[in-house]
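Both complexes below contain chain A, partnered by chain B and then by chain C.
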Partner chain A sequence: MDNNHEKLVQVFREVFKNDTITISPITTAADIDQWDSITHLDLITATEEAFNIEINGFDVMGLKNVGDLLNLIQRKLEEQN
Partner chain B sequence: MLFNSLTFFLFFIVVFFSWIVSPIRYRWVILLAASLFFYGWEKPVYVILLILTILITYYSGIKMDLFKKGHVKKKIFLYLAIGTNLGILIIFKYLGFFTEIISQITGLFAFNTQFSPLKLILPIGISFYTFQSIGYSLDVYYGVRKSEKHLGYFALFVSFFPQILAGPIGRSTELLPQFHNPAVFSWTNIGYGLQRFIWGLFKKVVIADRLAVYVNDIYGNIADYQGSVLWLGTILYAFQLYADFSGYTDMAIGIARFFGYKLSENFNFPFISKNVTEFWRRWHISLSTWLRDYLFVPLQFSKKKWKKWATIYALFLTFVICGLWHGAKFTFVIFGVLQGLALAYEMFTRDQRQIWRKKINSYFYNFSSWVLTFTFTLVSFVFFRAENTADAFMLLQKQFTSFYDMKALKNFIIAAEGSRFIFSLILVCLFIVLDKFFVNTIHQQNKNQYTLNILSSVLIVIILLFGTFGKVDFIYFQF
Partner chain C sequence: MISIRKAQQTDCHFIATIILLAESTGFEITSYNKMFDKTNESLLPIFEKIIDNETEGHPLTYKSYLIACVDDIPASAISVYNEGAFGDSTHLMTGALMTGFNRKDIALAFSFLKNHSEITITKKNNTFQIDCVATLPEYRGLGLLKKLMSEAEKSAAELQIPEMQIQVWKKNNLAVSIYEKYGFKICKQAISNTHSENGKILMTKII
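And then the complex of A and B:
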């Protein structure tokens, strides 16, 4: 789980081009300057590549914060194994 | 029934006192009966449509819960619910528009068919409650929430009278849980509700309806006025529209709060936006977030492989639909396309603008961004207000050719009874200055309450002295 968190921090830093971004499970789009519905797709595609998973439109509905995203990643990784 | 009418005032008194004296467990019955009565006031027959929406959306929700994610039957019930709501919306709002296009095309090819455009009377609030119902169905389908089992609460969710005519479009996750915890009588709620209502009433009857007179005159005689006057009309219209719709919203939020319910906010000082993306986060928020969650994101993810172009595709389709949502007219399509273009431009120049921002003096950069955004908003509002595209283009053409004609502007002001016009402008300035203060203060209870109470009393006096009552419909009632 911690590993996923570290990896996701890197994804965020790359997508939003900001090396100082830190995230926690309660971080939401409102906390990160550039994170909106336009950049959300970039974030999700970058996450897919980093974790080698596939996230569809169904999955992103109801994602409220980073914690939800981490749970989704965990679930997708488990489904693959 | 207009919130700013005597009929509504009497209706509200009766409903509120019946609500207070009835047992807490059955208060929803009072509110539901009141809501159906309120909705049927002008045209009782349209309550049937509302009940149809309620029953089919409710039934589909319960059925959807029975099947797993991705099951074909789950999808069938989603389509049933969305199909019913969209069907009602299309038949009553867009059929006339489509038949008109068809009749124009057949006319173009000189087919000798007598095809007369179909015109039905638009049921008020239809765009709002059908969207709210569709949002609920999608929430259940996507598993964001379980279906609502209590038919009474569900019916209230769709028909709740403070919001049914023009929003704010409620979310199932925010509003339904509130109906499950029946709120009790509280003086704090009444205080908040009253202050918010007064502020909305001031915006509507003192600002919006006063500006409407000038705006209607200018937009009704575009050919007769010079560009400078047309600019004035366009600027006044922006404030009229904002005061009208946000005033309605304030009243809706205030009324709901009397009963202890919190509706979502719809505006966050839209005219201070420094780019169009920001504007849509501040303007008609309940619609823009609805479109984002239930239309934009699904469209964007359905074409995920297109990368950046998926976003462009979703943006355009979303904003054309956003335009059309406001009305079945080409002017609204153009309004939507303009917004889509601006947002696409902002998306492509996002990084570049960050660089400019660092290079240029920040005050100058912010100020010019604001000027550009506000000018764009004004131009797009021309399509929002104009009767037809020909009018809109004539107005824009004049705006960009004879904008310097100060003599024409002076003549207009003199003809509009100079002192009366200047007084209206002073009231608009008062509105702009108080807007932020009032809403911010009202949210931090206890702080500055004293000032707020005095201000509310002053506003009541202003409303009684300078308001116009029950004459002008809310702009958003037509959507």
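And then the complex of A and C:
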């Protein structure tokens, strides 16, 4: 999970083009400037590429915060094994 | 006989019709058909599929709708949801759109919206958001919207949500006057860069 967190931090930094960005499980869109619909879509696509998983619309509707995204990543990775 | 009820999964076709009708005010700068460059006819089956989800907190799920029926036939509807209670509504809508469109189309649609970002009014958390308001033409003038708004207000009061919000196009004077009659007040305007006489108006009502 910690590795996933670190990897996801890098995804956020690339998508938001901000090398100092930090995230925690309770981080939401309201906490990060420029987290709009476009960057949300970019974030999903970048997460898929970084973790080699597929995220569908129903998965996205289940995300309230970064913690939910980390849980989703973990679940998708486990399903692959 | 007029009755008000919560929408069910079997209402998805009717709700998709309402969503596209609500967007066709004649004053809209942005709308789903402009965003996706498709006709309402071609969007109808796509939206019927999209709103067939049970994730609450946004207007692209049948779960958010109240329906007014005339003799048990759906005639009018509004979406009502508590902003932020289930996550950011715009991000929930992104997920919903992903169930009906491919990502390239969604990215193009969002780029279109970004070109009109000056008229975006952020929705306040813990407010009842009223959206996608429409009545089928043959049922207009029966007071259905008033009954729907009254039911929405009752729900807001029960849930102790302090405020109702609705966004309308500035040029839609009829809609503005109707909501004023229901006790809403204009509290913010966002004028378009490309249509200086138009833009979005935020109207609110304290419960």
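Everything below uses one rule, namely that the second predicted complex is superposed on the first by the 81 of 81 C-alpha atoms of A that agree within 3 Å, B and C clash if a C-alpha of one lies under 4 Å from a C-alpha of the other, contacts with A are read in each partner's own complex, and residues count from 1 in each chain.
Heads up, the rule we're going with is that a contact is a pair of C-beta atoms (placed from the backbone, for glycine too) under 8 Å apart; a residue touches a chain by one contact, two chains touch by 3 or more.
Keep in mind the model is a prediction, meaning the values are calculated, not measured.
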State whether A:N56 touches chain B only (first), chain C only (second), both chains, or neither.
both
According to the stated criteria, A:R75 is in contact with first (chain B), second (chain C), both, or neither; which is it?
neither
According to the stated criteria, A:K7 is in contact with first (chain B), second (chain C), both, or neither; which is it?
neither
Hey, is it chain B or chain C that touches more of chain A?
C
First (chain B), second (chain C), both or neither touched by A:T28
second
Can you list the residues of chain A that touch chain B in one structure and chain C in the other?
36-38, 40-41, 45, 56-58, 60-62
Residues of chain A defined as touching chain C within the complex
28-30, 36-38, 40-41, 45, 56-65
Under the definition above, what is the set of chain C residues touching chain A in their complex?
53, 55, 86-88, 90-100, 103, 106-107, 110-111, 113-114, 125
Touch list for chain B against partner chain A, complex
69-70, 138, 142-144, 277, 292-293, 296-298, 300-302, 304, 307, 310-311, 315, 343, 347, 350-351
List of chain A residues in touch with chain B within their complex:
17, 34, 36-38, 40-41, 44-45, 56-58, 60-62
